[in-house]
Amino acid sequence: MNGKSESDGRGMGKNRIEALTDGIFAVAMTLLVLDIKPPVHLRFETSEALIDHLWMLEHSFVMYAISFVVLAMFWLGHHLQFHFVRHVDRPLLWVNLAFLLLAVVVPFSTNLVGDHGHLQFPVLLYAANLLALSLLLFLQLRHLAASPHLTAPHLTREAVTHLQRQLILFVVVPLASVAVSFHSPRWGMYVYALLVVPAFVPGRIDRLTRVETSGGEPDP
Amino acid sequence: MNGKSESDGRGMGKNRIEALTDGIFAVAMTLLVLDIKPPVHLRFETSEALIDHLWMLEHSFVMYAISFVVLAMFWLGHHLQFHFVRHVDRPLLWVNLAFLLLAVVVPFSTNLVGDHGHLQFPVLLYAANLLALSLLLFLQLRHLAASPHLTAPHLTREAVTHLQRQLILFVVVPLASVAVSFHSPRWGMYVYALLVVPAFVPGRIDRLTRVETSGGEPDP
Amino acid sequence: MNGKSESDGRGMGKNRIEALTDGIFAVAMTLLVLDIKPPVHLRFETSEALIDHLWMLEHSFVMYAISFVVLAMFWLGHHLQFHFVRHVDRPLLWVNLAFLLLAVVVPFSTNLVGDHGHLQFPVLLYAANLLALSLLLFLQLRHLAASPHLTAPHLTREAVTHLQRQLILFVVVPLASVAVSFHSPRWGMYVYALLVVPAFVPGRIDRLTRVETSGGEPDP
Amino acid sequence: MNGKSESDGRGMGKNRIEALTDGIFAVAMTLLVLDIKPPVHLRFETSEALIDHLWMLEHSFVMYAISFVVLAMFWLGHHLQFHFVRHVDRPLLWVNLAFLLLAVVVPFSTNLVGDHGHLQFPVLLYAANLLALSLLLFLQLRHLAASPHLTAPHLTREAVTHLQRQLILFVVVPLASVAVSFHSPRWGMYVYALLVVPAFVPGRIDRLTRVETSGGEPDP
């Protein structure tokens, strides 16, 4: 969009891969709710009968909320890394496209877990899907750390270390889910609720992405 | 997009959470119409027979239009608040993600009301869905009012008060719908048509978002 | 996106309503193709049998292409008008939301025509849908012409006249379709192919949106 | 978005056609995964039974991945060309709309190949779909090369030649797929995996889109 960073000859801008990413996550996060199949062809005489029926869909609702949060976390992880990106090169584009390929599979994996909640295999597949996404975020971060010409100057070693530490959660939680799933597939999925934890921990990333906070006067 | 506000080290820009929001609302608002199931497998000999059949879908059409307007109103409420946002911090991102989680559920709630229009429970669920969205917009406004480093300087106390007053409608209308639904679930839904009222009332918000209106010369 | 035009206090920017519009048109234009139901549960022994079956879907393919072009034309009409918009006020937002409400109905109308191509009523409904869209574009143009503080200075009287003249096609073609549909519903739909004509007529609009064409040096 | 390039009277900006393109590709790439029909109504007693069933969907998974990569490649091809675009005129808009019309058909073509993998005709249709997309990218490049007032100054003859050479792959691979499909429709589809090759070849395009790489200081 910005004429300067887009076409001043310093390399391709990042806005279009961001737009594609935002679009794909928007569609995938919205399609998740389509997996909750409401009782269409049934006719309920009383509200109580309908509530009983909806209650049976409880597992689907929980899976929807979990997968929405999971996709939101990965979108956020992508967002935080791209905050430091200035220009995009070919390897970065390909890592992103692989990331999107696997993100789009999440509604499918969710569907499988929602419909076959008593089996362990869907939980393993779900964990594998997320671990692959985490790996790609890790590869992207490595590429960015090694390519200063692509990034903003405030992507310091400290910021890279912090972003790397954040990815640990994206690896530990799926592994914990797999471990718990040997006990109970359902509880294995509930482990993903842990991903919400960082929302309530004041993160150092806010400090890292913000060098100064005058902010009171308009951009010059 | 704007190189300056995005990566000058003053914190994360707002454009990507806006893009995700716009994308999710765009998909959700378009999916609403998928809930109107046209008569696919039937073959009608005359236009009259088809019109009769479509007439039976009248309730679905009305629900589509109402939910479209409802989502548009919440999108607008989000838009007005984000007009004043300059930078995004972690709590703001999480409030937004929760807002989106619940916005995506609206097509599901609408579907339930459309298919079971004679029961009261779907109307209550619909109202609960919207009240939760209103609560999140309120929390976001409180956070913005308390975080001057995130907002533009023209988010004055007056503007906050006005935005807060606007949210009252988002709370009163669902509550009125619940009250009416005890009488008739169907009329309970029609109450939401009241949300269109502000469209025809000259709002002070236009004045608040516009400090000066020279506008005649190009941006410097 | 642009920090300046968005939050310098001159009114709300246009980028978010543009983003919502682009998103909704993107989804609606993609959903059109979902209405072509490929032969899923059938198993064909030879390619010829499959071709025969696909040939029966010919009407659906033609309707898809026509509705895609129709939506593209309305998107383009919106695009051309918004080219001149600088800031957005409340009436403009509401006209846009009504425009989007009706644009989302186009896949439904298309589906109806595709499935009941032998009846006249779907063709009339389709024409009514498009005429309502044209009316809203016309209202928007009137509002813009009367609100110089919302528009760029190069929205001259000449440009308004030209944009208005363009809308004539959006009214004449649906009316012609209705007239022809009394003879044959199917030919009534084929009339919409006329909308492609302006693609091959060198438009004065290119000259109007372009004041100077140095373009050789980078933006200052 | 950028007030300058959008409404300074030098012609229409490119950002909205980019937004529509990104949106449509995002939806199309996400809808691909909907074509993989998970076993919904079946209940599996063991994970092994589910794995056996999923294994039968292997062809659908491969088709999903291939079509995702194919669409990503065309999006990338469009992205690379638009990197050099400054302003948009009417022929450019129409080439883009035709490009989008055919891109949206790719999920349909994919579906056909996925469901009828033993027949040759779907493979031919798929190749025809992609060849038409390649042709439009070629026409767009020709138009850009002949319209210096629409492009950035660093779209040199060298860059045009390079972009043209890239399109060769987009023509050769579908033709190779057709040739192989006479032997085996399934292997004909696997030929598309060759499209991933350029990901691992260091491209000169990175050098062409990047004139200088100081990048160390913030945009002025």
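Going in written order, the chains are labelled A, B, C and D, and every chain counts its residues from 1.
Just so it is clear, a residue touches a chain if its C-beta (ideal position, glycine included) is under 8 Å from a C-beta of that chain, and two chains touch if they have at least 3 such contacts.
This structure is a prediction, so every number in the text was calculated from the model and none was measured.
The most distant chain from chain C, with centres taken as the mean of CA atoms, is A. At the interface between chain A and chain D, two copies of one sequence, fewer than half of the residue numbers in use are shared by both copies. Averaged C-alpha coordinates put the centre of chain A at 33 Å from the centre of chain C. Between chain B and chain C the centroid-to-centroid distance comes to 24 Å (mean Cα coordinates, whole Å). Among the residues of chain C, those touching two or more other chains are numbered 1-5, 7-8, 19, 22-23, 26-27, 31, 86, 152, 218-219.
Against chain C, the residues of chain D that register as touching in their complex are 1-13, 16-17, 19-20, 22-24, 26-28, 31, 86-87, 89-91, 93-94, 97, 100-101, 104-105, 107-108, 111-112, 115-116, 119-122, 148-150, 152-153.
Across the interface of their complex, chain D is touched by residues 1-2, 4-5, 15, 18-19, 22-23, 25-27, 29-34, 36, 38-40, 43-44, 46-47, 50-51, 65, 68-69, 72, 75-76, 79-80, 82-84, 86, 152, 154, 198-199, 202-203, 205-206, 209-219 of chain C.
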